[in-house]
Amino acid sequence: MREITYLEAIREAMTQEMERDSRVFLIGEDIGEYGGAFQVTYGMLEKFGPERILDTPITELALTGAATGAALIGMRPIAEIMFMDFTTLASEQLVNQAAKLRFMFGGQSTVPMVLRTPAGSGTGAAEHHSQSFENWFVHVPGLKVVMPTTPYDVKGLLISSIRDDNPIVFIEHKLLYKTKGEVPEGLYEIPLGKADIKRAGKDLSIIATGIMVQKSLQAAEELIKEGLDIEVVDPRTLRPLDTETIVNSVKKTGKVLIVHEAVKTGGFGGELAGVIAESEAFGYLEAPIIRLAGREVPIPYNRELEKASVPQVEDIIEKARELATLKV
Amino acid sequence: MKLVKENAEKYLLQMYQIRAFEEQAEKSYMAGKIHGTMHLSIGQEASAVGSISTLEPTDYIIGHHRGHGLCISKGADLNLMMAEFYGKENGYCRGRGGSMHIADVKGGNLGANGVVGGGIPLAVGVGIGLKMQKENRVLLAFFGDGAASTGAFHESMILAVLYQVPVVFICENNQYAMSFSASDWTTSKKIAAHGVIYGMAESCSTDGNDLLEVQSAVEAAVKRAREGGGPSLIVNDTYRWRGHSKSDRNRYRTAEEIEEWKKKDPILKFRNYCLSKKILTEKEADEIKEKGYADIEAARVFAESSPDPKVETLEEGVYAP
Amino acid sequence: MAIEMIMPKVDMDQETGTVVEWVKTDGQQVTEGETILVIETDKIAIDVEAPGTGILTGISAHPGDVIPIGTVIAYILEEGEELPASVPTPAASESEVVSAEKTKDAEIQATPLARKMAETHGVDLSRVPPSGKGGKVTKDDVQSVLAPAGPVTSGDIVATPSARRTARLRGVDLGQIKGSGPGGRIQTSDVENFQPRAAAPAISPVLGGEKIPLIGMRRTIAERLTASYQSIPHVQFTASVDMTNFIKVRADYNDLALERGDEKISVTAVLVKLVAMVIADHPMINSSLIEDTIILHQDINIGVAVALDKGLIVPVVKNANLKGISNIAFETTDLVTRAREETLTSADVRGGTFTITNLGPFGIEQFNAIINPPEAGILAIGATTQEVVALENGAIAVRPMMRITLSADHRIVDGAVAARFIADLKTTLENPILMNY
């Protein structure tokens, strides 16, 4: 099978869906001629024209509301907010409107929209261009939150998200854009709400999101040399969460390390820990549930400080080893 | 356009229904039967009826939190509306929305909204969708003077003009954003001017209590939108007799001011016009008033005997399947 | 037509309004829309308008009254109209606020001591699960909702959820397992690998016969007694007790108990009570030596040794000095029964400060018991037999005599201390009425 990048997979998903369904259109800043802040939509304006590729001035709030309104009367828009940091500006329309219109109106309507947004640190963009807020949106009933980590997953999940009749926050880690992987050429769906065991193991379960999945896999490759067989579970969809796969993994290994980039306090890891502790898996725990996550700081500019602010492969190796050998 | 009797009856009836609905809402509330709060539009009837009377049944409206009048003008089933107001299972929104979030999507009413300015970006999106669907439909997007100061309003104006959406934005300036006096920062004319500044072909302000004046302005804007002429902004200058919500103590305005505006009662104005032009007789007008109040009384009875939602159904409707 | 005026709702979440003042009074003419009443909600005053034109009358709410919304508080009548028949005559200001401060405590069944203790410590008796007869709250029950006092005997067990589950499924006592996890935490593998050790007889294999492995309770007892014997310098003190009065007193109590349909009063129960009361005057007997500190225990918790087939168990009667004989009888019978049924909980066997062991029923005249650490002493009770004794005046009598032997920790208890205790105890056993003197 041919290999393409995560970024190309996103573009392919959107292009193929737009060809298939005339109700799908894009709206966002600099997505037209500029090709998108990260070049995701490069070439799409030529293919679909300005009627379906809506470039906007700097209006995060209104463009998110516009996507919501269009979805409300039957269109299937994909909005882009070029940095997750700026979803703060859009959150009124996302949280108060998109998430709630269906419920508020007693089920009279649907809001089939996707809000795509690049998140995460590591590019030196510092405090206002590096954050991850997946937990904020996981917290809102009415929204779905998807966080794919491989080119294969991102295409299948984006296609499913576009076809889903609910408002979906679709989070792409910036550092994943250039990663390559095998991706089928045609249209295919990956169901939302299904986790993926990226690496099966028996000594420890790592539940990781976003780029931490990649880092955890690298850590696992190192640890197997020490005879430690690590299982890496990628939830892929954060809301709704595939609790069954996660619980079964923890039951199998009895030890769990949660790894995410976003700040630890109030982060999604707390939700995962709670889900595990409340489940059947509790009776199988051999050690405390440990979270390895972002430090309690805004992302700093200096390269080394930036790296130190989020878990790196060495950190994951150390923590995983500690937990797998019951030193904690 | 000459006012025909059939329309005069319809408009007058709708205005009386709105007035009766609001008065009944107030009574039910003070008797402790209504949970939460509500925002009454007594005094703003002409703005609602005058504007929405220009639409085809397949057109849309989207509103704000003071939206009972807009709902009725768009042809809502009064029973279902009252049931929703009472929070009952067979209300429009199954009791989940209440006064501030009543919607009748099939009837083209995309809902009231609890966030000031919340509906304006939605309106832009609806306009984009309508344009793409190519069915010649238009949207009337209502908001108040309070929303005219929000970022959402300004951002939306820019996008609306950029995409030339078939939307008529209607600002009902009732002089107060909760307690903040609109005249402290703007006027109806100034708000209307934003339409032009942002690039709309036309925008204007009207005497919001004169049904026919409102209708005339909105009709022109609707025609323009339908023919691809893009969005307009119309500001209806009006007044709300009651406070912002039920918790409002009316400390920010005087009794005299309220009395002055009550003299400009839009219902009396239109009724007198019909009588003076001999389009309706006194008796006919009275009968219409009686019918309006009777319709609301029937709705009240319907609502009060409707069932409450079952708690077991709490999580239904959060997600589409 | 009489128009009702109700207490209006003007606020979200408002349930009542307070009448501040009537601007118009009973009998006055009012006009619709005119302010005739001022009410207060959330400390803010609101003007209320007349709902109609007419005569204001039938006012039933007065300044200061807190009225639920929707309640009719007045009427507007037309000239010559009468008030509706159902209107009650305006009452004087009656507050709607009902005080819920009934002394519910008075309705709860509790022993006087429990009541006193609850009062002293501010415990709500209705919150204390009763364990006494007929659902009575006992002092012990009150005690258990307060912070636990007394010595810590067995340490808290640290084990992972998985280890606990495995132990539960296998019926293994976690208390017997040594943990290999961090800080001695018991891991599942520790439970899975836990093998009761087969006892290999050290003696020459020539001796055959049945082999009984030293496991479970037997093993624990063996270990603890060895430790006690080896580390505590035991010193024994014996006295002979004339049980004449004791027997009579016990019989009297027993008759009383039978009359009242209460638990039989056993010898053990009376012993526990008397020993506890005497200990109260001899705090050193009720202590523990922990490292370099002698801890004098506040509570007197008497352990009663019970022989089971598989070993000895010592359930504890807590605060025996403060309980009535009937209560103690109830408790000891209950504890002994549950000990034999093997349904004692760890709470039942923890917290003891002194132990009584009675081999009288087996005909043993006298014996020396081994102290139950971390206690400071243990009292061995021998059989009561009719003996010929010489009285003070030289006459001879036949009396029921019993030997009691105190084994004490000589690090804590000196000869004189022990002697005084035993003397006191003997006196009290021989004259039980001194109990309440």
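We just call them A, B and C in the order they show up, numbering each chain from 1.
Methods note: a residue touches a chain if its C-beta (ideal position, glycine included) is under 8 Å from a C-beta of that chain, and two chains touch if they have at least 3 such contacts.
All values reported here derive from a predicted model rather than from experimental measurement.
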item: Per Cα centroids, the chain farthest from chain B; value: C
item: Central chain of the complex, centres being mean CA coordinates; value: A
item: Distance from the mean Cα position of chain C to that of chain A, given in whole angstrom; value: 55
item: Cα-centroid distance, chain A relative to chain B, in whole angstrom; value: 40
item: For chain B paired with chain C, centre-to-centre distance based on mean C-alpha positions, whole Å; value: 67
item: Multi-chain contact residues (two or more partners), chain B; value: none
item: Multi-partner residues of chain A (each touching 2 or more other chains); value: none
item: Touching residues on chain A, where the partner in the complex is chain B; value: 23, 25, 27, 51-52, 54, 56-57, 59, 61-75, 77, 92-93, 96-97, 101-110, 112, 141-142, 144, 164-166
item: Touching residues on chain B, where the partner in the complex is chain A; value: 60, 62, 91-97, 101, 103-106, 110-111, 113-115, 118, 120-130, 132-133, 151-152, 155-156, 158-159, 162-163, 316-321
item: Of all residues in chain C, those that touch chain A in their complex; value: 160-165, 181-182, 187-188
item: Touching residues (chain side chain C, partner chain B) in the complex; value: 6, 8-12, 44, 46, 68-70
item: Chain C-touching residues of chain A, taken from the complex the two chains share; value: 254, 282-287, 326-328
